[in-house]
Structure formats: structure tokens, C-alpha cells
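Read the structure below first, then the notes.
We just call them A, B, C and D in the order they show up, numbering each chain from 1.
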């Protein structure tokens, strides 16, 4: 399947719990990503650790996502992260069900509903085509397909398993016309981005490829330029 | 058992995920607590949600604890809370194994070690005498005994189940001479505080009794004055 | 939606961990259910606790389902229940993701695949319409919709929330033509069965309505006769 | 620390979910172990998967342990394993908190109490000296120390980390005089058994060293003879 549409691609950088993206370093990295987004006109966002969200929101201005939200309501739930709490510090949305923080099906659904009530966008992750189609039925704002075996490897899903992207796009669109479709796992060059957009991806969940790169700014530029090149090509 | 020592009692207020203690309201409440601590000379601290820690640290100056820490190291652990992350935003310590966020025994131990490496104090919670003695063997800085059936009820552990406090103190001291012993559950008046100190408690984990009180400042004052009254009485 | 098809309805009795259905009592109850199935010609099955499966298989002859299967393979997984283990003692299939034993989305998918390899049928449970549609995309042999708030109440889903059944049927059939659609929660009379079949259900997951009834045989007879009455009516 | 007591050593063989010890093969292996126990006069027991317990109890006669028990009571707990259920099929006891099936501290305590009520012995596992001492405070019948990094390696804890055994014995005995102290991880020869008994172990939790051995009978004989040799030496 070749994609003939430029659907305003989003590049969302997951900071995980990398020491390169914790505390003050999270602020610096978020600023770098925000500036490259501004320079290239590509939509970018970051997903830092909870503790770092507020300062990035207030000092940087980039869109900030949580990495996880619990399905509980405000109340006596010590140690949980509520949608309300993320919203109160200015988050735009949150990841849910990342392969490093998988949750129960019922909790995915409840968390989506709770985020919607709180005004947070949801990016529900899944690891294969069937699961991605299944979560797209729960009406998240975005879904992200990431084969776990490629995460952190530098071997890009769009090169190693292109059929995972094209099949996910086909299966998701059969049941959900609206959710933005992200992909991730091993994305480390502009070529990986370009190839994924051709396969139908509309955005990206990236992590170590940017966060642990010797020069994150160069990698982000490479990513954003590839996205622009693709959008130019399908005009 | 009657306590004849004033061991610099700590009053640690757990904000849970109460809407009364989220976002801007968390800052305001933390400031109130800090000021009453200063006025009375009693040691106070707060345990807000992750997202609110940084701002409370930077704007208020009160000691801030996390409500939970995962046992993972920095790295590819999306959606987890690391000791490093809490430390980076200025936390003093963290709760662990609260009855609303219980964790595996092996994770309690790992989290204690990870917090020690990161320079965070640990307050390990448990729900009964046996479990409290058991966790005190893992060498946390503090333990907190809270019978879960009294949490949030306004019926204080020091009145309803005084033997839980005195037995915990005895059982803990048989195996650990150093851990500060907190208690909690239902604490809502200065009398509850005074009674618990007489039973051997050295500090308090309180939550709804302060957070959801019509006038949190008045309750905190009541608590701190009771602590001072007790310390005066055993001089 | 009115159902005009008799699709060989299955009545599957979940023994949960009820003391009325443990050990020797599990054997007796399974025998009762099997005999009524034989007398009425209605397809019945039981889902006892693990420990009781082998004896029911060998002594009774009724189809036996597990209540849960872990997604692990044979190997160093102490304390887990594998598909191979259930198959080895003669189970026909298993429940998955029951509201009292919910599992992660990724584990539902893996468990379905592992059961298929082992020759076990899968009945994947979910608690609402969206989640039921989502799990039906994972290609289980059967799905079971059970609103958790009605489980164990004696207020039948087919009377209290008929739209949950009809909407589930419609949503499931939009994405999966093959999975047998069971429903459950509060089913306690033949009328509940009849109403659900009219709404499009093709089978039933029942529990306390039979297990804890003063006279389980009478209730099962009532259920089976209602199923026959419905099938007669749509011939 | 050198042990001068023969405290009726127990050799408990954990079948895990190994295919070599599932279904009919579980019965055969249990029979082999039982016979060698009888021949040598050494106390032996097996911990097969749930589904296989009943048949081993009824056909073999060896003491049978579960691999895990949930802390729930009989009732609406689909997919859980209750102490009552294990007891009903004739189990003698159960493992708890094995490193492959770790549970929350509160659940260890509840499960111990529930097993005691049901007449099941408990063997609580832990992975290091501190955790082993902690669980021994919960008054289980036995504790088992197994460094997880040695499990399944064939490199015996008694050779690779003898201090783990001797320190555990010392730390446990400081707080619990009664619990039988087992050790495990990598035990694969009679020499490993002998060395561990000298270090103060009173029994063994073994698994792959027997289950996956080319000749399990020969290994069990080797183990039992070593135990007898030790007991002879300290008379």
C-alpha cells in the first residue's frame, strides 16, 4: 500500500525513564525538539516522565504527553496518576498501554473515557496488527503500532516489517476512520520516517533513536525534513 | 506501653489523588502545611502527586515525598516513576507500599535500595503488625503502620486499635532499632495524635483528615500543638 | 433486534471458587448439569477450578473449560496455568479475561494463540459493548459479554440491559462473523435465557444462578427448556 | 557456620510448567520421586501444576504441594486458586511467592493465614537474605531462599553463594525459631545437597536439576543419599 496523503504527521518523542531525558536534561531536550519543530513546521511533541511535565509545559511551550495514566478517578488512590493531574499541569494528552507499561483491556477503555472527560488526547499503543485493530475500536484519538521486538534496536519497523504498518493501516481503517495512526520501534533515520509515511503511517512514536543519539537535534532535523519531503511529494 | 520520649515527631500529609490537593490546590495546601510547621516548630512534609512535586519544591520549600516509586533503573521503562526522577525534582523521600498502591515484597526491597542510592528517604507502609515488622527488616528509613479498614474513616487507629500501634512498636524494635515509626488511618484530631505518641509512635501519615477538612489549617495546627504538648509532657 | 435463528445454544456454568462447587461438590454438580444437558438435548459445559478439572473429565464426561489460562509457554513458570496443562487433563477450552480475572490485552491475544495451538477453545469475556467488539477482533472461538455490575445479582442482563446484548451482537458481527456470542450476568430464570436468545445471544455464561441455587437441577432444567422453547419457536 | 544437626531434610521437587512434568508425565515423575524417597528413607514431596495434583495424590501417595495460592476466600473469584481447593484434592501444602510467581507482601501474609485455616503447610520463597528474614516474620511453616540469578543454571547456591545460605539461617533464626529453612537454585548433585546441609539448610527446593535431568531417578537417588550421608556424619 502506498500512501498518497500527507496527514500532518506528528513526531512524538517518548523520553521513557532515560537518564539522558530526566530532570534538567528533560527540559533541554524538550527545548531542542520544540525548536526543530518550529524551524521545519512539523508537528512535534514530547512524552517526559510525570515529574518533569510541569516545567516543560511552563518553560518550553511544546505539546507534552504523559507516558501512562491510571484509570482511577480523583480520590483515595495513593501513588496513581490521574487524567486530572496531567491536565492540571498542562499536558495535551497521554500514551496508554505502551509495551513497557501494558495495562488490562478494561483499563485501556476506562482510561480513554477518563482522558476524554479531562480533555486529554489518547495515544493507545499495541504490539501487533490484531491488537492495534482491537484498540482502535475503543475510539482513542490515536493508535501507535510498535512491534516490541524492534523497540530500541535501531532496526526500523518500516524497513524490517513494512507489512506490519500497511496491514495495521488497513485493519484499523476497516473499523475506525478517525484515529490517527502512529508507528514506532527502531526508527532512527529520515529514511525510516519516509518509508513509514509511504506505508500509510500518519505519525511516529520515537524514543532512543532521538533521546540516546549523540546529537538529538540532528536526528530530529533529519526526521522532520523527511516528513516534509514526503508531504511535498504527495501534493 | 507508654512512651516517655519525644522523638522529633513528623507529620507527613499524603495528598493521594484528591481533587482538593491537585494542581494549583496542591501548591496552596502545601504552603499552608509548611507555614504551620514553621509556626509550631513541628516537622511536617507533604506527599503530593508526581506532577505537582516540582512546583511545590521550588515555590514552597516544604519537604516533599513521592507517593510511590517503581523499582526500575533509568532506561527503557515507559510510564514508570524512578527514584532518580523524584530526586531530580527535589523530593526528600517517598512512600512505598501504601495500602492503595501495594507492591511485591521483592519490589519493596529493590525500591528501598534504589532510593538509598539516589538519596531519597523511604517510608514503607504496611497494614498490620506482622507485615510492619517484616518490612522493618528491609532497613527502610521509616515504617508506617496503617490498618486499611480505618483509612479515611475519621476513626483513629490510636483510639480504635491502640494495641496495633503498641504491638508494632514492640515488634519493630525487636528487629530494627533505627527506623522511625509512623502510624496513620483515621487520625483527625490533636487527641488522636497525642494518644498515638503515648503509644510509641514517632510520626504520622495523615491524609483525608487534613486534605478534605473544611479548614485544613486548623486541623494541622491542632495536630502540631498536640505533638508539642506531648513533647513538653515527657521532658 | 429479534433473533430468528437457533444457533445451537451453549450453557456454560462457571463454578468460580464457590465452596458449593469445590472438590467432591464440583463432581456432583457437574454430573447434575451433564445429565440435564443429555435429557434436554441442550449443549452444556462447566468451568470448575483447575484442581477439579481432571476428575470431572474422567468421571462425568461433560465438556470442561478452564476459568483462566496464562499466556506463558511450558517451562520455568512456577504457579502458572498453561494451555498444555489444561489440555493434558482433557479440558475442551477455557474462559479468558473474566471480569474477576482480567488480563492485559497483549496476554488475551497470546493466550488465544496458545490455546489454538493446544487445541483448546477460547471464550473471551468483556464487560461492555466496546470491549466485546475489540476482543472479537482477536479471533477467539467465543466471546462473552457480561456487565460486571449485574454479575451475581440475579438481575439478568437480558432484562436489565437488553441493549447491551443487541448492541454487542451488532458490533461484533460487524467485525467478526464466526465467534459464538455468549452473554451473562444475573441470568437466573428460563425467561432470562429466552429473552437473551431473542436479542441475538447464542449461549450463556452463568454462575451463581445455578451454583448457589437451592436446587441447581431445577434451574438448569428451566434454562435448557427455555433454550429448546426458543429454538422451537424460530424453526 | 557448620551445621551439626540432621533436621529431617525435605527434598521438594517443583515441576514448574515443564512439559517433562505435565499430565501423564507428572504422574510418572511423581512416582519415581516417591519410590526413591521410600527406598532411602528421605522425606520427599512434589509441587506439580494445579491440574495434576488430584491424580498424583490419588494414584501415587507422595506429599503434594501447590505452586501458588491466591489470597482470596471461596466465592466469586473466577480463575483463582484457593487454599480450600488445594486442600479438597488432598494437597499437603503450597509454595508461595516463588521468584517466578512473586506476590504482594500483604497477599503473602493473607495466603499464609488462609492456608493455616485450611490445613495446608506453607513454603514461602524469597530471593535474598533480607527478604527471607522478612518473610520468616510472617510465621510460615517453611521458608525457601533461592537467589533468582542461579535458578535453572546448574550452578548451586551452596557452592556459588554459600554465604547466602549461612546468612539466611542466621538472620531467620534471630527472629523465627521454628520455620524449616529450605534452599534452592542450581542444586544438581549430591555434593550440592551435602554442602547446603553443612551450611544449615534443612531442606531443598529443586526443579530443573531433577525434572529436566536425563535420568531423574539417578539424580534423586544422589540427592537422597547425600542427605543420609550428612545425617550419618552429624549423629
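As a working rule, a contact is a pair of C-beta atoms (placed from the backbone, for glycine too) under 8 Å apart; a residue touches a chain by one contact, two chains touch by 3 or more.
Predicted model only: the values in this text are computed from it and were never measured.
Same-residue interface: subunit A and subunit C share over half of the residue numbers found at their contact. Summarising the inter-chain layout, the chain whose CA centre lies farthest from the centre of subunit D is A. If each chain is reduced to the centroid of its CA atoms, subunit B and subunit C end up 46 Å from each other. Each chain gets one centre point, the mean of its Cα atoms, and the points for subunit A and subunit B are 36 Å apart.
Under the contact definition stated at the top, the residues of subunit D that touch 2 or more other chains are 99.
Pairs of chains meeting the touch criterion are A-B, A-C, B-D, C-D. On subunit D, the positions that touch subunit C within their shared complex are 14, 16-19, 22-24, 47, 49-55, 67-68, 72-82, 84-86, 88-89, 95, 98-101, 151-152, 207-208.
Looking at the complex, you find that subunit B touches subunit D at residues 97, 99, 102-106, 108-109, 126-128, 130-131, 133-135, 137-139, 174-175.
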